[in-house]
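Next, two complexes with chain A in common: one pairs it with chain B, the other with chain C.
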Partner chain A sequence: MGMTYIPSTLSEALRLRAEKGAKPLAGGTDLMVQSKRGIALAPQFPFDVMIITAIDELKGIRALDDGSVEIGALVTPSEIAASDIVPWHVRQAAAGMGAIALRNTATIGGNIGNASPKGDLPQPLILLDAEVVLASVKGERRMLLDDFILGSKKTALGDDEIIRSVIIPPHDFTYSFYRKIGMRRANAISKLSLSAAAVVKDGEILDFRASSGASGPRVIRSKDAESIIKGHMVEEIPELMDSFLEAWNNAISPHAMPEYRRNTTRRMLGYFLSSIHEGASPGIISEEV
Partner chain B sequence: MPQTAIDDRIVRVDATSKARGEAKYVSDLSFPDMQYAYMVRSSIPRGKIDSISIPELPEGYWFISADDIPEEGKNELWMIQKDWRCFAEGDVKYVGETIGLLVGSDRNVLRYLLDNVDIKYTEEEPAITIDEGLAVKGGPIVGEDNVLCQLFVEKGRPMEEVFREADSVFEETIETGFQEHVHLETNGAIVTIENGKYTFYASAQCPFYIRKAVAGLLGLQAEDIVVKQTTTGGAFGGKEHFPDVLCGPLLVAEHKIRKPIKLIFDREEDMLYSVKRHPAKITYKTALDKDGNILGIDGVVVYNCGPYLSGSFVVLQRGVFHANGVYDIPNTHVKGIGIATNTFPSDAFRGFGAPQTLFAIETHMEHIAKRFGFDPAEYKSRYFIKQGGETITNGHIVERVVLPEMMKQVTDASDYFRKASEYRPGSGKGIGISFYNHGGAFTGNGEQAIIKAHARLVKTGDRVRIEVGSTEMGQGFQTTLRKIAAATLGISIDDVDYDNPDTSIVPDSGPTAASRSTMIVGRLVERCAEEMKERWQEGDFSVEKEYEHPEGHPWDQNTFRGDAYLGYGWGCCIVEVEVDKLTKEVKVTGIWSSHDIGKAIDELIVHGQVNGGIVQSLGYASMEKMENRNGHFRQSSMSDYVIPTSMEFPTQQWFLVDNPYEWGPFGAKGMGELVFNGADAAYIDAVERAIGKEIHKIPMPPEDIEEVLNAE
Partner chain C sequence: MLSEIVFYVNDKKTVFNGNPLTRLIDVLREDLGLTGVKEGCGEGECGACSVIKDGKLVTSCIIPVGAVNGSHIYTIEGIRDTEKGKCIIDAFAEGGAVQCGFCIPGMVMAAYALLSSNPHPTEMDIRKGISGNICRCTGYDLIVESIKLAAEKGGSIWA
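Let's turn to the complex of A and B:
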């Protein structure tokens, strides 16, 4: 059974991380559940833990000079959902996470660090080419979130590092799409999720991207598939559609309910592309039944 | 204080204490020197126990098992039969079977001990599904063919004759899944010794069942045991017989330890290791003439019971007796089989066997209607049984059946016929309809022959105390019963007391089950109150009454012939849906229902029951998926076994029809289960129309709808 530490500054936390390898515990909505032992018993962790909720350096959402948005690791989904500077896809995902109590308690750092393929926030963040800022006693490094999450429950986090923040670069999408399919309408774990976005100017698709959650061991982004659409004209969409959808289908690897997840992903992406082709008004593409 | 009238809308008597968190549940109770108990359970579905290795026990810690049952006792829980063992001995028959109890004062220590128990098994091949049970996979669990219980009923002419005359025969099999009760309060009980008697504090529907079930473990009589019901946070049938499974081992432990011992399941235990609704596989073979008229139905109803009988035979009987739904089918033969498997035993769940067959017959009737081009509502209504009509058990419907009026209410309110003709199959929009009933109280003459319920009113000054064994479990019975007493006596409900029952004080009013409490116990209290009112001036006294069976309603429990139920609740439900074209998620856009419950004793409580029953039924049909792989339930929490939230379904429009029931208090009949019995079929009908395909099973989450769409 591990020790529990409560650092009050980032430097103290980094030192504990380096010396003891203590795992950061913030909202506890993953770790506490994973190590639960039943009624009236505190969880027992097989490793040292540090409760980092008091560390102010890890809090807050701020706009950076280059138009990026930096979200501290301790920021909760409720704060993200209520922010007017966080990009739309991420706010949507944050607003649909779990129940209100969880949204008030969980943190973006935890959701990323837990690296569950069903995690709600990594999916839109990877769509937006977000980066994680990793801190250690030796300093800081930045890397793409897409590179940071290696697989189900696996990350590139060093033994002496903690997630300090997430930085989302600026975007100006012409079209955006987000959909989470949960097991029910509220308080649900994701069964499948998809984000998509496109920049269209003068009939040319300057940017096109998508990301799939709960469709494989990690969030799926496929630059190869995206490149089938990117750089082409809107009127070419019908002839590109099949090869794009096929490429995307090859990129995802859902384990359970493969037929449902594959077909639904295909229909959602097809719908998004068709909407662009049909000249939908710029903005959010939301489907009408 | 003002007199309470039966039609007053009043605040539930237990609302404030529960809403404020002041109500004390069993897990809130504590006694001096109280010990805790953890269950040691089987981790395999079937096999021999080779050895049980318990870590060295510190002083003041005990491992209790079958070895601790005294010589004069027997290792059996007396539910209906005595086949369910208190502790597994020699072998195990399902995952989660109780092997022992670890008891001691510190839960940290107990948890450590539990994590280090080592049980060695020789595993045997289990039978998990109905088909595996029928095929006697791995050898018989029970008897030679795994048939735990069976029965058949027949009405009209022989089936061979009817089928010879048929122009066509339509046969299909419809399946329903496990359902978990998910009562907000998990199972729990405390055993202690008070005034020299073994005494239980238990979250339970039926305190008198517990006494009977466990006494034999110590060679005692039921009267030697006292059970005090604690405020119970939901049950739905999950606390009918199942508290026996907690209380039995606790009693054996108490016999040895003689200190208060508390056993509380956490949510994961309550999900994985408790009874569930019986999964069912129901086959109807229907003889039809060339115009689509039904000549006869031959049905086979198979319920997955697990390895022990518990309440399964009674559940199966109710399933078979409801297998014709609300219809008067001229010729029927229905066979019911309860099959033994190595799953956790199935037991009571709101509806008690009726929901499975009602879902199946509704879906089957609707499939016939669509195949012959009829609107399902119109087609089904041709077969509505009427007062005096012959039931599936050769009995007769006693009351006036007002289904046609109820159908008009909901079809008008929902604009059903316009929508049904406008929404094209496969258009993504659909509207569906179902009809259902529920026989109130125990089957046949069970109320008279088996239960013989008693109720008592005690007058002290101007206050009146109700003494019954019936329990409040969230359904509102404390309010309902106090209201019946107050309104009959012409006093205020505030002058009527009704505490959680204590078996050493109250008479046995029978189980709080079978939608019988208002109808049977409510009527007993009404009769007590009528007499008390006449004698009001006599000072302090009490009145006790015993159940009286209405004359002229024969029933033969050996052949299952006669009037199976003396009063049915009736229901009609319409559900409208939109199926998302991209994701196959189903959005319910309208819910309309009408119920005949005789008379609503309290409209607010009835409203709560209607809303809750329909939402629970829609959850059963849509999202509540409990899978069993190799004997292990896969869903273990409220995040993977999902029940509906308030976000899932829209506001319901609901109607009641007034149709007073002769033998119920103020004309009331049973209603707690009725309201669960039909929304599932209406929902599936609506989804079928929206996707343009037939569905043959529930639950139907989006991934299963996808599968239906892609089939063939």
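Let's turn to the complex of A and C:
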């Protein structure tokens, strides 16, 4: 059984990470459940753990000078959902996580570091080309979240690193779409989630992107599929639709998705594209009635 | 680096020196005797162990005590004699919200957190407010009605 430390500053935490290899425990909503032993028994881990909840340097959401938004690793889904500077897709995903108590406890750093394919936040963050900031005693490095998450429960986190924050570059989408499908309205693990966005100007689709969650070991983004739509005119959507949907279907992990998930994804993307083609008012494209 | 954890439970200072991974619910129930905090699933899914930490609803079964240094925790025992607590408890009695009762301390804490931030909730707000609390008797309608009653009867105490 490992030791447990409670660092109060980031530099203490980075030293513990480097010297002991202690793994960070933030909200605990994944780790405490995974290592649960029962009533009146403390969870046990086969490695050293550091409870990082108190580290102020990892808290807070701020707007950066270039229009990006930086979210500290310890920021909770409740704080993200209530923010007026975090992009809409990410706020939607945060608002749909678990139920209130979980949203008050879980953290964005944990949701990313745990790298569950069903995690709710990586999917919209990858849509937005978010980067993760990794800190160690040697300094900091930044990488695309899409490159950081290598597979189910696998990340590129170094043995001496911790996730410090997430940086989301600015976007100005004409149309946005987000949907999470779970078994219940609250406290549901994603069966499927989808984000999509488009920039349209004078009838031309300047940007088009989509990301699928819970659809394979990693979040699905496909630049190849996106390029079928991107750069074309809105009036061309009907003739591009089939080849786009086919390319998206091929991008999805072959074994990960039963047919109903593929059909549902195809239907949602088709709905989003049709709405743009039919001249929907700019803003959120919503399926909810 | 912390070696002891100091926090406040129902306004009483508590000092903890044991394993920091000890679950908050076990400190509350076993060390402090606050057995109004119930353990249902032990995985943060059912809400029976809900307490208020620094003004926010949390499930005490998945929070390690090492994460609450400096925090103020309120359990059902800490709010039941307050004006707001009494208002909810009386409304639950009047509205017939309680069947077996196991989920009720958690439901009251969720209602307390909801009404403290939203004094005039709609029915949907109430249903969302207790969406992390499971009642195996499935008596949700009467619980929702009772929370509505607490909002109406409490009036200005929630403002």
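Heads up, the rule we're going with is that the second predicted complex is superposed on the first by the 283 of 289 C-alpha atoms of A that agree within 3 Å, B and C clash if a C-alpha of one lies under 4 Å from a C-alpha of the other, contacts with A are read in each partner's own complex, and residues count from 1 in each chain.
The rule is short, and it goes like this: a contact is a pair of C-beta atoms (placed from the backbone, for glycine too) under 8 Å apart; a residue touches a chain by one contact, two chains touch by 3 or more.
All of these numbers come straight from a predicted model, not from anything done at the bench.
Colleague: Looking at the overlay, what does A:Glu12 touch: chain B (first), chain C (second), both, or neither?
Modeller: The second partner, chain C, only.
Colleague: Per the contact definition in the header, classify A:Glu259: touching chain B only (first), chain C only (second), both, or neither.
Modeller: first
Colleague: Any idea whether chain B or chain C touches more of chain A?
Modeller: After superposing on chain A, more of chain A is contacted by C.
Colleague: If you stack the two complexes on chain A, which partner ends up touching A:Arg267: first (chain B), second (chain C), both, or neither?
Modeller: After superposition on chain A, A:Arg267 lies in contact with chain B alone.
Colleague: For A:Thr29, decide between first (touching chain B), second (touching chain C), both and neither.
Modeller: A:Thr29: touches chain C, not chain B.
Colleague: In the overlaid three-chain picture, which partner chain does A:Ala186 touch, first (chain B) or second (chain C), both, or neither?
Modeller: Both partners, chain B and chain C.
Colleague: Would you sort A:Ile39 into first (chain B), second (chain C), both or neither based on which partner it touches?
Modeller: The answer is both, since A:Ile39 touches chain B and chain C.
Colleague: Which partner does A:Glu287 contact after superposing on A: first (chain B), second (chain C), both, neither?
Modeller: first
Colleague: Between chain B (first) and chain C (second), which does A:Ser176 come into contact with in this model arrangement: first, second, both, or neither?
Modeller: Touch partners of A:Ser176: none, neither chain B nor chain C.
Colleague: Could you tell me which stretches of chain A are touched by chain B in one complex and by chain C in the other?
Modeller: Overlap of chain B and chain C footprints on chain A: residues 38-41, 185-187.
Colleague: Could you list, by residue number, the parts of chain A that touch chain B in their complex?
Modeller: 37-41, 179, 181, 183-189, 191-192, 257, 259-261, 263-264, 267-268, 271, 287, 289
Colleague: In the complex of these two chains, what residues of chain C are touching chain A?
Modeller: Residues 1-2, 5, 19-23, 26, 29-30, 39, 42-45, 47, 50, 53, 56-59, 61-64, 66-67, 69-70, 110, 113, 128-129, 131-133 of chain C touch chain A in their complex.
Colleague: Quick one: in the complex, what on chain B touches chain A?
Modeller: 27, 107-108, 111, 264, 266, 269, 428-429, 578-585, 587, 623, 639-640, 642, 644-648, 701-703, 706-707, 710
Colleague: If you look only at chain A, which of its residues touch chain C in the complex?
Modeller: Interface residues on the chain A side: 4-8, 12, 25, 27-29, 32-33, 36, 38-45, 49, 51, 53-54, 78, 98-102, 104-105, 185-187.
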